[in-house]
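Pasting a structure below so you can have a look.
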Amino acid sequence: MILLTWYLILSGVLFTIGAVGVLIRRNAIVIFMCIELMLNAVNLAFVTFARQLNSMDGQIFVFFIMTVAAAEAAVGLAIIIAIYRNKATVNVDNINLMKW
Amino acid sequence: MLAGLLFIIMGLITIVCALCVVFQKNPIYSAIFLIQTMVSLAVLYVLLHAQFIAAIQVMVYAGAIMVLFVFVIMLLNLNKTDVEGDYDKLLFQKPSAIILGFILVVMIGVVTLNTVFQGTQGEYTPESISQIGNTQLVGKMLFTKYVFPFEIASILLFAAVLGAIILAKKQIIKDKEV
Amino acid sequence: MEIVIPPFDLKSISPIIILTISAMFILVADVFFRKKFKDSLGYLSFLIVVMTGMVAFTQMGKPVYSFSDMFVVDNFSVFFNLIFLVSTAITILLSVSYVKQEGINYGEYYTLILFATIGMMLMAGGADLLTIFLGLEIMSISLYVLAGFRRDCVRSNEASLKYFLLGAFATGFLLYGIAMLYGATGTTNIKGIAEFLANNPALSNPMIVAGTSLLIVGFGFKVACVPFHKWTPDVYEGAPTAITAFMSVGPKAAAFAAFLRVFLVALPAVEQKWSIILWVMAVLTMTVGNLVAIAQTNIKRMLAYSSIAHAGYALMAIIAGGDFGIASLLFYMLAYAFMNLGAFAVVIVLGRKGEENANIEDYNGLGYKHPLLAVTMCIFMFSLAGIPPMAGFIGKFYIFSAAIKNGFIILAIIGVVNSVISVYYYLRVTVVMYMKEPGREFAPLSLSPFLILALIVTVWGTIHLGIFPAKIIALAQKSTLLY
Amino acid sequence: MSLPILTIVTFLPLAGAIWLLFINGEKQEKIKRIALVIAIGDFILSLPLFFKFRLDTSEFQFVEKVSWIKEFGISYYVGIDGISLFLFLLTSFLTLICILASWNIKDRIKEYMIAMLVLETGMLGVFVSLDLFLFYVFWELMLIPMYLIIGVWGGPRRIYATIKFFIYTMAGSVLMLVAIIVIYFMNQKATGEYTFDLLKIYNLDIPMGAQFWLFLAFFFAFAIKVPMFPFHTWLPDAHVEAPTAGSVILAGVLLKMGTYGFVRFSLPMFPYASHQFVPLIAWLAIAGIIYGALVAMVQEDLKKLVAYSSVSHLGFVMLGIFVFNIQGMEGGILQMINHGLSTGALFLLVGMIYERRHTRMIADFGGLTKKMPIFAIFFMIITLSSIGLPGLNGFVGEFLVLVGVFKSNVVYAVLAATGVVLSACYMLWMFQRVMFNKLTNPENKKLKDIDKREWALLLPITILVFWIGIYPKPLISRMDASVNHLLNQVDEKYKVTLNRLKIEKKEVEYAVKEEKSAEHTIEVD
Amino acid sequence: MPYFFGCSYLDLIGYVLLFPLAGTVINGFLGKKLNKAIVGIVGCTAIGLSFIVSFFVFIDLLKLAPEHRVFEKDYFTWIGSGAFEAIAGLQVDPLSVIMILVVSGVGFLIHVYSVGYMHDDDGFYRYFTYLNLFTFSMLLLVLANNFLLMFIGWEGVGLCSYLLIGFWFEKKSASDAGMKAFIVNRVGDFGFILAIMLIFVTFNTIDFTDVFHAAPEHLQTGSFIATMITLLLFVGAVGKSAQIPLYTWLPDAMEGPTPVSALIHAATMVTAGVYMVVRCNVLYTLSPFSLTVVAVIGGATALFAATIGLAQNDIKRVLAYSTVSQIGYMFLACGVGAYITGIFHLVTHAFFKALLFLGSGSVIHGLGGEQDMRKMGGLKKYMPTTHTTFLIGTLAIAGIPPFAGFFSKDEILLDAFTKGSLLLWGLGAFAALLTAFYMFRLLFMTFYGKSNMTKHVEEHVHESPMSILIPLLVLALLSILGGFIGFPTASAINSFLAPVIGGGHHSMADGGNLHHVSNSLMFSMMGISTGIAIVGILLAYLMYIKQPDLPAKIVGKFKLIYKIIYNKYYVDEIYDATIVKPTVKTSFILWKIVDVKIIDGFVNAVARIVELKSEVLKLFQTGYVRNYALSILLGGVIIIVCSLVLL
């Protein structure tokens, strides 16, 4: 079971890398990819738990997360395209019309 | 033992690739590294006796979804390194992100290492799964216990498709209105 | 291996089915409708929502579990469904002329609103974290799109992008929290988690505590609590006004429904931890929301901060818990739906194409020019400020009562002090309307019958709930049993 | 009483306001007349309360009780006793005066009258509510029309003043809301019944520590409204900026709500805390009396002067209430009415010259008696009433208060009595500078004396001023039973608490003794 | 009980009040429309009727046995709250009867006088309204049967005084003086009102009879409470009767019309304090200390005011200071326990001082408003009647037998000597000397010597009309004869008032105190005081008739003293500098700094801070999506850390 713990730690590391990536990157698409990274980390955790608990629920959950990820990818990329059309940039630091 | 070794190798690859995703300047490289991360994760899924998940990880995630990313990057002609500009306007963003990330990792590590897993054990040991077959099991569950979310997911996808279309359509269709 | 597909309890998901089918129908109808009949799409969806509401209302009664405990229909969820449907219906009324004015008059618009409503219903009725998660995603994805619906408007794009990126980011946390809970308890079922935690040490299990914390992040983002609130003003400002109105009410209520169900049903064992965290968050939320609202000049932004502050009040209900707390949240959300939608309705009525991001100063002298409209706005402002005899007062009163009943007196005091601060910026709206000279010409009002109906309904709701709240309170009290 | 007279009187103005909503705003005369008729009708309807009021009982009369929000135990529960009776009548009377006084308002008369009538309902409601929740609703409700009256029809700094007024008073009252809820649950714990019924809550025995905090919460709400000394700064601003009628209502009725609140709520619910707080309140009241008078003396604006004089006068009321004897209390209540009449009339008078000259600066006037002799007579009478000249109303209240205070604490009485001297100083000085001396300002030479409408405003008040001054018995005798009952109630509950305190002390002492003796035995061993 | 038309005159006592009140109401409401003659007739008739009723009441009272000469009539409960009860009721006893006779009698004469004097004034009806109101209040004051009702009258006369001093309100000095009178009186009332409350708290009643009955049983002689009550009452008396230190308003009060000065500021109102002290003699007797205070203040005032009177040039001001001084005498008498003597002097003083004022009024009237004595002189030939009556008055005040003032003043000095101390006697005697001097100075400067009038004035000088002269004559007669009611060996007033003194009806013990004094002492004292008066007169004669340049020389020698006296010891200035100005200044500070800066500043600062916080917090909303994400992560991390580690 110690091994499984390491899986979880790996998932945590991935999650963190993803989260940090979201914070430090400025390209909207890359940020989005970092979010995907986070989701992958979650998936890993789910699968690990499923394995550990001898239950399938975690795997099913991962299945749904993937579905959601796909949906989000579609919408998210569409949004990015839409904004690129209007502003010709995907740098999120330049997309700050609204503040305060 | 072999599994352990494999885990270490794949885990390292995953982490390195993930870091590359974050630190590569060129988004297309990031995307490629993300795919690599996903693939290596798929290997880990297999190690965890989740073959079906591993399969769709490669096919759907790394395949379909990431292709979409690459496609968009290409479409928008973003495969340049200088998209993000030279310097970060938010001075404290990076250091604080890294500090917070560090704390987060430590906390997750602490949590994981300190947890005694007592969760209700399910009936699907790796043995029983391999008896039925992972994919069959998933299928069965999707149509029994998870039939409702499964149906609901269709709405989700429908909404997403609809949204993607409406947002990404080239020109507002004014023909009907004109 | 045999697969026995469990019986489909269609009755319990009948509102969802109705909405799904009609959403698609509208999509199809859109293709065939000519331009001049476009209004009828709105009309149609309004009727559908009303009808759904009636169906939903009949579901009141004993709790029914369906789909192997994935979904539950209890009074709590029915009550919330009614709130969602009310807000959806009013949003649709607000939208009909608005979308025409903004040139975004597509059938997809209504479809997505209905989808979002479905998502909200799933969140309120989700008995499994998976259902809640899916519902949340359906709702969010619809809203991401709706926020960016004015594709040619940069602000709308920006709102959409910010909402999407941050929403996805927060979803990551939520999922990680769910994963941890799953890992620690072996189930994602709310009842299952509750049972497990009742029989096993919960507070000493760091996984559970960490999972709970991450859930707070996820839900906190959706209800716009400090420090997860920052998307709110920007998104509210940039999104089409009708959608802003919708977002500030329906999805928020849905998030609260899920928040409350998860925390009060699944996680009472860790209440000791989360109640303190939520306590601090509630205080911060109220205070930051109210304080920053004072400095706003844009009315939509001001209402955004006000909605943050209201989230703080609503959090008090969760912290207070118990029958009283739950009932107070139910009532508050309904009252809030009426008054906030009403306020946005006035904003829409006064909005002009391209210039709908009205500054508060643009309302100068409104009381002279359009007295009735100004009175209406006044009613909403006073209600939001919590001054009797408006709905907002009873709602706040209820929530503070709940907090005090369960011993959170200091929280209640902070709450009331905050509502005094809030008076300042709500009053400013009335001040400019009545006590300043008109600065510029008001555009002719874009008053469609739908908008008028929306205004009447919201005014009626705001006043009726303020003066004769007994029935709704009774209903709310009957809806507190959670399963 | 089969006829729900209180409800009718309370809600008739609201009905009138709704009626006015549907009348074209252009028809100014019609609107004014309707408003006036409603106000007159309301006043007439309220008169039977005075005549049919039973002197022999301390119970609430003309009671009506209908369940409102059953789930919370909130009911529409109204009734009056000798304490609220006169404030109720004063309200309907002054509103009538105010509507007549606002005859010359041209700007948005319809909204103005609606606000006025809604305000009347709110104020009347406050005085008749016997349900804490209902009371709070009315209490807050009346803020809105007042806020609009100051803010829309006020002077140049009206926005600042009105927001200050609103937020200041609201800040005080929200704490009261918390306290009300706390009491509600305390009562529920004690009796098992969810109720806001004031009479039931009177029987609640609140622990001493809780009393302290609850009293404080109520104190802020009421003290700001009164306003007591350090919380008074909203008042001058609000008064100066408000239109005449607004000032009249503000001074005549709104301020009384604070003092009324103390009598009706703070005292009987928290007798122990009330007693504990006496020194603080008394000193604040005395500070208010002297401070208000001194500051009033050097004001340059007539309205501000009257506003600060209110601070001074209400100090007397507060002092009277918090000496817990019948003279003080009755004097206090009487003084509330007197202050309502005389300060109300002062604002009317100031309003009259303001309407003519569009200035309120004392320096702009002088020698007006020459041009406005009738005005001068009324002004003189009201001024004297405000000073507390025997034979006029002010004296009776002031003297009773002083007697009451003297009975309980000589030092307070002596200090408060200096207010008698000071009030003469500032009022007469003001009067001299406005009405006497040579008429030098050419602007003032065109002044006209008061017209019939203004006669109609001032005469009734003047008659009341004399009536209360010469024969206040009908008023005082109506208060007797209620005030006695209230004082007994407070006294009994206070004594119960004190006894408990003693017992506890004894127990503690006993325990200490036992401990000591135990130690003793150990030592012996 | 004697009855007349089925009822006793005593029952009619209410009419004494009713007539003046009716006069007030009629003149007040209708006066503007009525012509002046009717207004005057109404005003005078009201008081005349009142006097007639008073007279019959007096007769009725006389018919009663001395110990039963108390009649009370209650009308209604005025204020009743718990144990506190103030009844609107009147009390007729020898003391009040004397007072009402004097008030209505002198009042009537002055009303008549006013008809002529005020004839040309625009505010004629206003004047009579006030004057009637004043008479009403004064009568109420003396007839009241309890302290609070007395206080109504007390304040009522103060009000009328205020209104009448400021009658010519367009004159700043007049309205100032009115205000000053009212406010200074209020200071006295402050004491009075506290005294009433102390009485109520002590005796649980404020009814005269009850209080005076209970007092000797309740209170020990010299007890603290008795002293406090009496001292506080005396504060009231000091204010009303213009004694040190509250006398400053009276000289200023001369801004009012002269008949007003005569009635209010000489004959009646200012002596209310004396009346009150006598009324409360039972209480005063219980407190020797208070009595001493009363005597000392009285004596000091008598002398102090007399010195100021020496150097004044305004004819009315001289009379005003002399009034202050004479009232000092009355208090001196009361202070040594000779209450009846005090009242005796009150009565005679009412006669001769009213006479003097009216006479001066006649002079002023004749000179067209001139009040400065330096611009008069030699008026004897122009105004013979006025001169004669004035001379009588002056002789009376100077204490020349057999004029009224002689008897009363002499008795006071005798009492001061026998019951008080040599010091008190010395004060009184010296003041008597000064009185004689400055009164004759006034007389000489006005009526004798050469005329200093301007040409214009001289041409128009004339004797006054009959409506002015008749009251003068009547008063002159009274000033001659008035003294005999207190003729030393058979004092009618003594025996009449005796029941009132020392606790009323149950004790007549120390009433007619005079008779214990040996005749030799009495006569020698008479001689001395007459001598003093003559010395004073001679001095005045020397300086103002014989050697008119002498005063200037003396002034030249004692420049500083003269200047101090001329400026009334700078008391007004001192008050102004120590009380008025600091109060106003403090008030300004309280307003501009405490109120606006500190209290309101605090309130506004709170609002400002809130707004500032708002502006600052707003900036955290940077608009950068990454930044928002940071705050989410930050929040998340904090929550996790807190929930895991801290909580």
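Letters are used for the chains, namely A, B, C, D and E, taken in the order the chains are written, and counting of residues starts over at 1 for each.
One rule holds for everything that comes next: contacts are C-beta pairs under 8 Å (C-beta built on N, C-alpha and C of every residue); 3 or more make two chains touch, one makes a residue touch a chain.
Computed from a prediction, not measured in an experiment: that's the story for all the values here.
Common neighbours of chain B and chain C (chains touching each): A, E. Greatest centre-to-centre distance from chain C is found for E, with centres as Cα means.
When C-beta pairs in contact are tallied for every pair of chains, the largest tally goes to A-B.
Relative to the whole-protein C-alpha centroid, the nearest chain centroid is that of D. Among the remaining chains, the Cα-based centre furthest from that of chain A is the centre of E.
Distance from the chain C centre to the chain E centre is 79 Å, each centre being the mean of its Cα atoms. Chain A and chain E have Cα centroids separated by 97 Å.
Mean C-alpha positions place chain A and chain C at a centre distance of 26 Å. As a whole-number value, the distance joining the C-alpha centres of chain B and chain E reads 102 Å. Listed for chain D are residues 167, each touching two or more other chains. Of all residues in chain E, those touching 2 or more other chains are 607, 618, 621-627, 629-630, 633-634, 636, 640, 644, listed in ascending order. Shown for chain A are the residues in touch with two or more other chains, namely 8, 15, 18-19, 22-26, 31-32, 48-49, 52-53, 55, 57, 60, 64, 68, 71-72, 75, 78-80, 82, 92-93, 95-100. Remark: the chains found to touch one another pair up as A-B, A-C, A-E, B-C, B-E, C-D, C-E, D-E.
Those residues of chain E lying in contact with chain A across their complex are 618-619, 621-626, 629-630, 633. On the chain C side of its complex with chain E, the touching residues are 161-162, 165-166, 169-170, 173, 206, 209-210, 212-214, 216-217, 220-221, 226-228, 230-231, 233-234, 272-274, 276-277, 288, 291-296, 421, 424. Note for the complex: chain C touches chain A at residues 130, 133-134, 137, 141, 144-145, 148, 151-155, 157-162, 164-165, 168-169, 171-172, 175-176, 178-180, 182-183, 186-188, 233-234, 237-238, 295. Listed in rising order, the residues of chain E touching chain D in the complex are 76-84, 148, 151-152, 154-156, 159, 162, 166, 169-172, 175-176, 178-179, 182-183, 186-187, 189-190, 193-194, 197-198, 200-201, 583-584, 586-588, 590-591, 594-595, 599-600, 603, 607.
Taken together, the chain D residues at the contact with chain C in this complex read 25, 68-72, 108, 111, 133, 136-138, 140-141, 143-144, 147-148, 151-152, 158-159, 162-163, 166-167, 170-171, 174-175, 177-178, 181-182, 184-185.
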